[in-house]
Amino acid sequence: MQTEIKISSETLNIQACIDWVMLPESGGIDVFIGTVRNATKGKAVLRLEFEAYEKMALAEMEKIAAQALEKWPVQKLLIHHRTGVLAVGEVPVIIAVSAAHRDAAFEACRYVIDTLKQTVPIWKKEIFEDGEVWVAAHP
Amino acid sequence: MQTEIKISSETLNIQACIDWVMLPESGGIDVFIGTVRNATKGKAVLRLEFEAYEKMALAEMEKIAAQALEKWPVQKLLIHHRTGVLAVGEVPVIIAVSAAHRDAAFEACRYVIDTLKQTVPIWKKEIFEDGEVWVAAHP
Amino acid sequence: MKIKVLAFGIAKDIFGNSSVNMELANDALVCNLKYTLEQQYPRLKQLSSYMVAVNNEYALAEDTIHATDEIAIIPPVSGG
Amino acid sequence: MKIKVLAFGIAKDIFGNSSVNMELANDALVCNLKYTLEQQYPRLKQLSSYMVAVNNEYALAEDTIHATDEIAIIPPVSGG
């Protein structure tokens, strides 16, 4: 398999993701790691909650991966996304891409995270001391 | 310190590099991992040997890191480079960049690896079954 | 026909439930579903936007809904 | 003046050593060093290119060399 797409409520394992994409034919790997930031627009964030429409989210991520494989000569491509409650510093998403040459790895990795944020049905709620808000829900 | 630049003859530790750049203020981390490819132009590579003009290489990498910090709003930036004999699948270079927003992390990371390959005095010898060659030495 | 509409993110808060059951005409389109839902849950109209997914695919306003379809309301996504 | 020239990568192979000692005029420029080295080691001219570093900085052809400088031959780099 050239791609591995996963949604999980367990802590994501960065090293395992990198090991999975690395091949003897690889020359470079680009990895994007999302992290839970402690503040948004200057306001302290206590934690995030991620919810996924899991079946559709997996299907959309498969589509994105297939598009990336078509656009760039990449070897292996992995997308792991967390759900559930995440504390500051935890990792909601890992995207890892291996390629013979680094340009393809960089471009495919960026395409995947940019597109994922636009189309994959996963939602993030920011929990503040005085309330909570679903990100991007309102204008 | 915002940057960590290192040249080492020991195995590089990817997870430690990521942990070093991650801050509570980080929203995203981009990591580039160079890997020793098993072939070049269709010819099997047995191993690579990296040699550095260490003092100058560190100085050049510090310059590149400073330029990246000036160009993009990044939080922490790490460059670790191996020297010595590396087998296929080993990691000659790790670049990790954290930022509040992913664009800066991606762009700075790519700038660092692209510029490193142009200016940092480190040399790579490819060892084949029937000989060896210093990469890029001859036209 | 009777259909079940799944809700996620803020849509779940608006519906007060992770799904709602609705009665729709047999030849209803996605835009009819949206209209009917908005009558019942006016807060839907305050969202930046929202999509309807039919059988795990984003649907167009003019797509027809069938009784056996899996229907979901997709408020603005924010994963990653 | 007597200077010591450090060599790396393929330059080390060409010199047969990780450094060579040279005698240069006191007001020699980087281009004079290159010329003198190329006389002695013609294989330098077959390289794609090479630079001279003076005190850990890339030097220009017209830079002056001083006896106390750290001089190094930098063949095409290939790190990363």
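Note that the chains are named A, B, C and D in the order they appear, and that numbering of residues resets to 1 at the start of each chain.
Here, contacts are C-beta pairs under 8 Å (C-beta built on N, C-alpha and C of every residue); 3 or more make two chains touch, one makes a residue touch a chain.
Treat the numbers as computed from the prediction; the structure is a model and nothing was measured.
Enquirer: Which is the least count of steps on a path of touching chains running from subunit B to subunit C?
Expert: 2
Enquirer: Suppose you hop from subunit A to any chain it touches, then on again the same way; how many hops at least until you reach subunit C?
Expert: Minimum number of steps from subunit A to subunit C: 1.
Enquirer: Look at all chain centres (mean of CA atoms) and spot the one farthest from the centre of subunit A.
Expert: The most remote chain is D.
Enquirer: Between subunit C and subunit D, what distance separates the C-alpha centroids? Give it in angstrom.
Expert: 72
Enquirer: Compute the distance, rounded to whole Å, between the mean C-alpha positions of subunit A and subunit B.
Expert: Taking the average C-alpha coordinate of subunit A and of subunit B, the gap between them is 23 Å.
Enquirer: How big is the gap, in whole Å, between where the Cα atoms of subunit A centre and where those of subunit D centre?
Expert: Subunit A and subunit D have C-alpha centres separated by 48 Å.
Enquirer: By residue number and range, which residues of subunit B touch two or more other chains?
Expert: 34, 113
Enquirer: Quick one: which residues in subunit D touch 2 or more of the other chains?
Expert: There are none in subunit D.
Enquirer: What is the complete set of touching chain pairs?
Expert: Result of the pairwise touch check is A-B, A-C, B-D.
Enquirer: Mind pulling up the subunit B residues that touch subunit D in the complex?
Expert: Contact set of subunit B toward subunit D: 34, 50-53, 55-57, 59, 81, 92-93, 113, 116-125, 134-139.
Enquirer: Would you mind writing out the residues of subunit D in touch with subunit B in their complex?
Expert: Against subunit B, subunit D makes touches at 6, 8-10, 12-13, 46-48, 53, 56-58, 72, 74-80.
Enquirer: Touching residues of subunit A toward subunit B in the complex: what are they?
Expert: 14-15, 18, 22, 24-35, 37-39, 88-89, 98, 100, 102, 105-106, 109-110, 113
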